[in-house]
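There are structures below to look over.
Shared between the two complexes below is chain A, which has chain B as its partner in the first and chain C in the second.
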Partner chain A sequence: MENIFKELCTGLFAELKNDELLTLSFCGENSQFIRLNNASIRQTGLVDDAMLGLKFIANDRTCVSSITVSSNYDVDMARGAAEIKRMRSETQEILEDPFLVLPTNAGSSREVKKAAGLGFDDAVDALLPAMQGVDLVGIFANGRMYRGNANSLGQYHWFETESHCLDYSLVTPEHQMVKGTYAGTDWNQDAYESYVDRSIKKLALMDRKPVRVDPGMYRTWFDAAAVADFVDMFSWNGISEASLQQGCSGFGKMRHNDQRLSPIFTITEDFSSGLVPKFNSNGEIAPESLPLISNGELTNTLVSSRTAAEYGASTNYAEDGEEMRSPTMNPGDLAHDDVLKELKTGLYLSNIHYLNWSDNPGGRITGLTRYACFWVEKGEIVAPIETMRFDDTFYRFFGTELESVGSTAEIIPDVLTYGQRNLGAITCPGILTSEFQLTL
Partner chain B sequence: MQKIDLKSFLAAVDVPADWVGIREVTETNSARVVRDGVPEVNGCFTTQGLMVEVLADGQFGYYGTPNMTDKGISEAAKQAYAQAKKAAQHATYKFTDAARPANVGSYQSPFVKEKDTITPGELNKTLLDAYNQLKVSDKIVSARALLKTIQSLFRFVSSNGSDITQDFLMLEFDLSATAADGANQQTRTFGGMRGNCLQMGMEFFDKWELLAQAQKIGEQAIELLDADECPTGEMDLVIASDQMMLQIHESVGHALEVDRILGDERNYAGWSFVNIDDFGKLQYGSELMNITFDPTLSSEFASYGYDDGGLEATREYIIKDGVLLRGLGGMESQIRSGVPGVANFRASSWNRAPIDRMANINLEPGNSSFDEIIGALENGVYMESNRSWSIDDYRNKFQFGCEYAKLIENGKMTKTLRNPNYRGISNPFWNNLKMVGNNDTFGIYGTPNCGKGEPNQVIRVGHASPVCMFKNVQVFGGT
Partner chain C sequence: MIYKDLNQYSGHFSEYTELRLQENRNNRISMVNGDVMGNSVSSSSGVSSRVYKEGNWGFSSSPDLSDSAVEYVVRSASDNVRFMNDRNKMECGFILPDTCGHYEMDLTTQISRNSQKQWIDFLKDIDDYIQKKYPNLTSRTIVLAGLDMEKSLLTSSGSTSYSMTPRGIMYVSLSMENNGELVELMDVFGGLGQLEDHFLDPTQFYANIDSLADHLSRKADGVYTDAGMKDVILDADLAGILAHEAIGHTTEADLVLGGSVAREYMGRQVASELVTLIDYANSVEGKTCPVPVYIDDEGTPSEDTVIIKDGELKSFMHNKDSARHFETTPTGNARAYAFSDEPLIRMRNTAIKPGTNTLEEMIAAIDDGYYLMKSSNGQADSTSEFMFGVPLGYEIRGGKLGNAIKDTTISGVAFDVLKTIDMISSDMTWSAGGMCGKKQWIPVGMGGPAIKCQVNIGGR
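On to the complex of A and B.
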């Protein structure tokens, strides 16, 4: 893939005329997908996919474009050249852009991660035996992923990695569920079988008859996977400087009213894990570490170069959408073995589902409990709970009501595969809150 | 775009499969956005590739590839065949080619004016004019106008004789104004959630009084800043058709997708409160509830002639007089479940395999005028335009928020209300449907962003509905 990208860079940069600038970005994968239902194979197949993005600047205007890369150089060059010609024409008639983000040559990078992954032909035999005898449903995604960026001033970045991920649910005959995600780079058959076996053992807890919990306020422990879903909401009308400037951010109270979260809540954009490339679609390199909320105080928002130009801010080389790419929340001091004891009586929520802002300016988020969620009394798990809706504000559960933070941060991989497989993860611990509102 | 001969590719496939199909998708999506008086996006995004699907030992295997050559297709078919053979030992269900019915035909979406009848410069100007109308006050801190045109070509050929071509020209159009006063922020849009998406050509710009709409949206955003909070309590709720779109989508459409009921989606989108045994029996809603799967409604976003398994698409009643009759399941689900279904086996693009997707799911009009509905209520709320949506994995407990509401007192709409929300449980909620608007209240909407499936897929759906009134709904306001 990298050679294909390099050849297209050479060919397409040669198409440019004076005073024209071009940035190319590349996103590709060779992937295997095995979809499972009841520990059997519902659908299976392979996908080769690659997309070349073109950002063309001329006449103080910007046009963007993308084409599918077929891996046939002549076909792909013809597609790319046709797009340059079309954009050249279009920049003569569209509106002038006063906030142009011009490419620079700030140095190049290359990161290729090798892995002893699971071969596509071996996957069925490796996966299926360990899950027999249980109702397992989910998706196995496997293979290499590629990201590239280059511009006509000579800057070049390449990132290539390989991974596998079995994202699954185990289901009891009474429809109670346990969630599992086995992800990594090198395939380890023993580790995989051990992981699935531990999930199966968790199912035993779900055999107890579920209890119905009334709407109201409860002490609540959230496992790291649930906290990751809340943190993920910060990337949608939250931490983005543009969304704050444009009046559609849940962080408005922190910006305008000097409201703070709990002093034990700290989150950082931290690229040191190497799970995602540091370069964005403009080829800009993000700082290795950028504190966002430090001890409850909003210290930095994510600022793209365009937002910086528009609002007179300093860029921190965020992606154009100003979403978090590698968020890491600091652990606290609550050991996992002490969680039930400290929770005393309340809710233990392993996972949550279908979050949305119900009142964005107020920071209020609604969603539902899902999977292994339990009612706990006097430090002992009583039974799973029936699905409940919650509606509460992060200014409370990450703020005034945040009692403790778990002592171990977990890596929660991004398993989404819209368009192509996502890279990256959210790293966070669990949290204990003194109150959390269930509504239905 | 690369011109190819799908039938010659089919001939180039050399594997001993029981069935082979090749689906080509070529799609160009042009997006233009003017925000706060300057162009934010002038983009054109094209994808082109092939999905090669084979059936071996009762298991389908696939290979999605952008390599559109005889050699590329031949290799893709071999790899798909190997995947299918291996998986067949553990197949969820052993299919035959009956799951891919042979059909020959074509579909052309309706339009009058071709995409290129308006130049990029003219479109920028139109969007800028719309922005200027949205910006009715300095309290509008951000406003934008968005247009997407989508041209899609789907072609499908198969070894059992299918030969289908479907051409689409579609538009998404949105206007949005955000008014802010410190942390008090209110956004008003053109139908909520990019609801104005249609199969249509550039005549769209003749039909709609866009600039007048833009000014109204800007004014309502300002109006919301000082509006009363939506009251909290159980009351009667009148829902505009642009919010009915979301209500139907989440609490009817997804709940009736047969692959969900069969458990395929339990790890991602979820299951359903509906069981296979419920078809033909379940009183899903009141007798005023009539839901159709209608791929024939002109201009609706997800009209088409055939699904991606080759099944011809026809209009069918899903719920009649409140009783559940038919599921949203394509041929694979119909074979697996024995439940009557529809042609809704669809994929988002060439790189994904088809699954059950709702398409156009509509609530048929009733007999009440808008004035009759409002006049019938002593105390209630009228809500427009979705801004927040969430529902559980069984499609039971939902909570939706809207942009704009009016208090209804003694048969009249009075104060404007901000931050309106409501919540409920699908089956009892629909059984509390007490008035259904007539044709004059009927609106055609849709969404380009319906997510489902593993691997994940985003697909376009359409929902048309009249204004409706529901009794005894939990309504509430902001923080």
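On to the complex of A and C.
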């Protein structure tokens, strides 16, 4: 893939005329998808896919385009050159871009992650034995992913990684479910089997008759997967500087009212794990580590160069949408083995589901308890709970009501496949809150 | 433009095979407070093949549309299924329902195509109108978005299909401040057709914008809703999202197999007898739906799926595989968004069938309740529990409309809400820009009549 990208860079940059600037961004994958139903494989598929984004700047105007990369150089060059020609013409007609961000050459990078992954031909035999005897439904994605960025001033970045991800649910005959996501780079058969085995043991608890919990406030433990869902909401009308400037961010209270979260809550945009490239679609390199909320205090927002130009802020080279790309929440001191003992009586939520802002300025989030969620009494799991709706604000569960943070941060991968397999993950521990509000 | 006739490739087929060539083309321009903030054009094209044998599926795709690439993906998908057949013989002997149909639909506009400059001029005209007439607004966002989905399909059963299904929409979002609080409202215009089919004359939208600005102004002075179970009228936008998100998804046969609550409800009374809920394939009473599907992406001729008839749950939506499992016939609901996506069971145009009441009669029938007009973020679960944001609505007091309300939410269990429906309006309105996510995007039609029912509404 890298050679394809390089050849297109050379060819398409040569199409430019004086004073024209072009940034190319490449996004590709060579993936195997295996669909599982009732612990049997129903479909295997191979997807080779790549897209090339073109950002053309001339006459203080910007045009953006993207084309499919067929890997046939002549076809792709013809497509790319046609787009340049179209955009060249457009830039003579359209309105000037008032917040133009010009590309620069701030250096180049190349990061190729080699992994001892699972071979496509070996995947079926590796996956199936661990799941026999249970009803498992899920999808396994496996293979290499590629990201590239280059501009006509000579800047060049390449990122290549390999990963696998089994996203699954185990289902009881009564349709109770346990969700699991086994992901990584190197394939470790023992670790995989052990992970699935833990899910199967959790499923056994789901056989107990579910209890209905009344609406109200409950002492609650959230597993890391549930915390990741909350953290993910920060990328939507949250940590974005543009959202704050436009008055549609849940972080407004922290920015304008000097409100803080708990002193034991710290989250950082941290690229040191190498799960995602540090360069964005403009080819700008983000800092290796950017504190966002430190000991409860908002220290940085995500600022793209465009937002910086528009609002007079300093960019920290966030992506244009100013969403978090590699958020990492600091672990605390609550060992996982002590969670039930510390929880005493309350809710143990493994997963939450379908989150939505119910009051964005107030930081209030609603959603459903889902999958393996339990009622706990005197430090012992009693039974799964019936699905409940919650509605509470992160100013409480990451703030005033945050009692402890788990001692181990887990990597919760992004499993979405809209368009292409997503890169990235949220790294976070579980949390214990003294109160959490169930509503329906 | 992709090939319309794929018959030249049928010699590569050895088992049950679907071959699809597809190109999606997007055009999006956004303007914020008069500045062009986004101007992008994209296209994505390629070929995919899916092969079925003995209960297993093989899939392959390539972004290359050459003859050799087509041959490669068919061979690769066939190899994948043979690989599976060697390992999984549990469903040996299962065969898919056989369907065959032929259809060609090209909805490319007959109007000469606009340049990006002409679209930007169009947006600028609308923005200028808003700025001059409503100078107190905090921000104005206008977005034009076009999507052309062009597909050719050939199956080993002999089905052939070519479709060019376009969608052109415009979002207008206005906001203002009132006592330090940001108040926003958005509306969407357009629908089936390319941008030129909807947006040639900006003056046609001035009245819509006046209406939006008027609602926004009223909302800024609006009141908080009283929390609790209330009599409400859900206008077409909300009735449509309820039908799609909270009922439709629970009756997609793959989600039924995954444990949706509808599995237990088949043949039972799940709604008021006034309710007939249909996933329309392509037209309603002679009028083309927002997302017309005549042949689905498995080559099955599409037909309306009557999900609920007179309150009784009658049918799920099926692809060939689920129809085989449930021993019924496929309904033509298998749809894929991109060339590299496999077809999944997806809705097309889902709505409650219109009734006999007028909106005025429905408002007059409520002593203390709300008329809820627009939906924002919506979500639902396979239990049919839902929560939708409501950015626009009015009080109803003594059978008359009262104050506008501030942003609120409604929630409940959709199958319970359907049982409370006691009036349905006689008109039918489709929302312009429905897009559904299920690991893939897909354009859908959502809408319907207004319904009078009871829901739980959020308060301050």
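Rule of thumb we're sticking to: the second predicted complex is superposed on the first by the 440 of 440 C-alpha atoms of A that agree within 3 Å, B and C clash if a C-alpha of one lies under 4 Å from a C-alpha of the other, contacts with A are read in each partner's own complex, and residues count from 1 in each chain.
FYI, contacts are C-beta pairs under 8 Å (C-beta built on N, C-alpha and C of every residue); 3 or more make two chains touch, one makes a residue touch a chain.
A quick note: this is a predicted structure, and the numbers were derived from the prediction, not measured.
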> Of the partners chain B and chain C, which touch A:Ser358 in the superposed model: first, second, both, neither?
Replying inline: both
> More residues of chain A in touch with chain C or with chain B?
Replying inline: B
> Of the two partner chains, chain B (first) and chain C (second), which one does A:Met51 touch, if any: first, second, both, or neither?
Replying inline: both
> Does chain B (first) or chain C (second) touch A:Ser40, or do both, or does neither?
Replying inline: both
>> For A:Asn188, using the defined touch cut-off, is the partner it touches chain B, chain C, both, or neither? Pick first, second, both or neither.
In response: neither
>> With both complexes superposed on chain A, which partner does A:Thr10 reach: first (chain B), second (chain C), both or neither?
In response: neither
>> A:Ser289 in the overlay: touching chain B, chain C, both, or neither? Say first, second, both or neither.
In response: neither
> After superposition on the shared chain, which partner residues are touched by A:Thr393: those of chain B (first), chain C (second), both, or neither?
Replying inline: first
> Where on chain A do the contacts with chain B and the contacts with chain C coincide?
Replying inline: 33, 35, 37, 40-51, 62-72, 75, 83, 86, 90, 93-95, 97-99, 124-125, 137, 139, 169, 171, 175, 177, 246-248, 353-354, 356-358, 361, 366-368, 370, 387, 389, 416-419, 440
> Within the complex, which stretch of chain A touches chain B?
Replying inline: 31-35, 37-51, 61-72, 75, 79, 83, 86-87, 90, 93-99, 120-121, 124-125, 128, 137-139, 141, 167-169, 171, 175, 177, 245-248, 252-253, 256-257, 353-364, 366-368, 370, 387-389, 391, 393, 416-419, 421, 439-440
> Okay, in this complex, where on chain A does chain C touch?
Replying inline: 33, 35, 37, 40-51, 62-72, 75, 83, 86, 90, 93-95, 97-99, 124-125, 137, 139, 169, 171, 175, 177, 246-248, 353-354, 356-358, 361, 366-368, 370, 387, 389, 416-419, 440
> What does chain B use to touch chain A in their complex?
Replying inline: 2, 34-36, 38-39, 41-49, 53, 59-69, 79-80, 82-84, 86-87, 89-92, 119-121, 124-125, 128, 141-142, 178-180, 182-185, 187, 262-264, 266-268, 270-271, 351-353, 355, 388-394, 396-397, 399, 401, 419, 421, 423, 425, 451, 454-458, 474, 478-479
> What residues of chain C sit close enough to touch chain A in their complex?
Replying inline: 35-46, 55-66, 69, 76-77, 80-81, 83-84, 87-88, 90-91, 115-117, 120, 124, 138-139, 175, 177, 182, 184, 257-259, 338, 340, 342, 377, 379-381, 383, 385, 387, 389, 409, 411, 437, 439-441, 456, 458
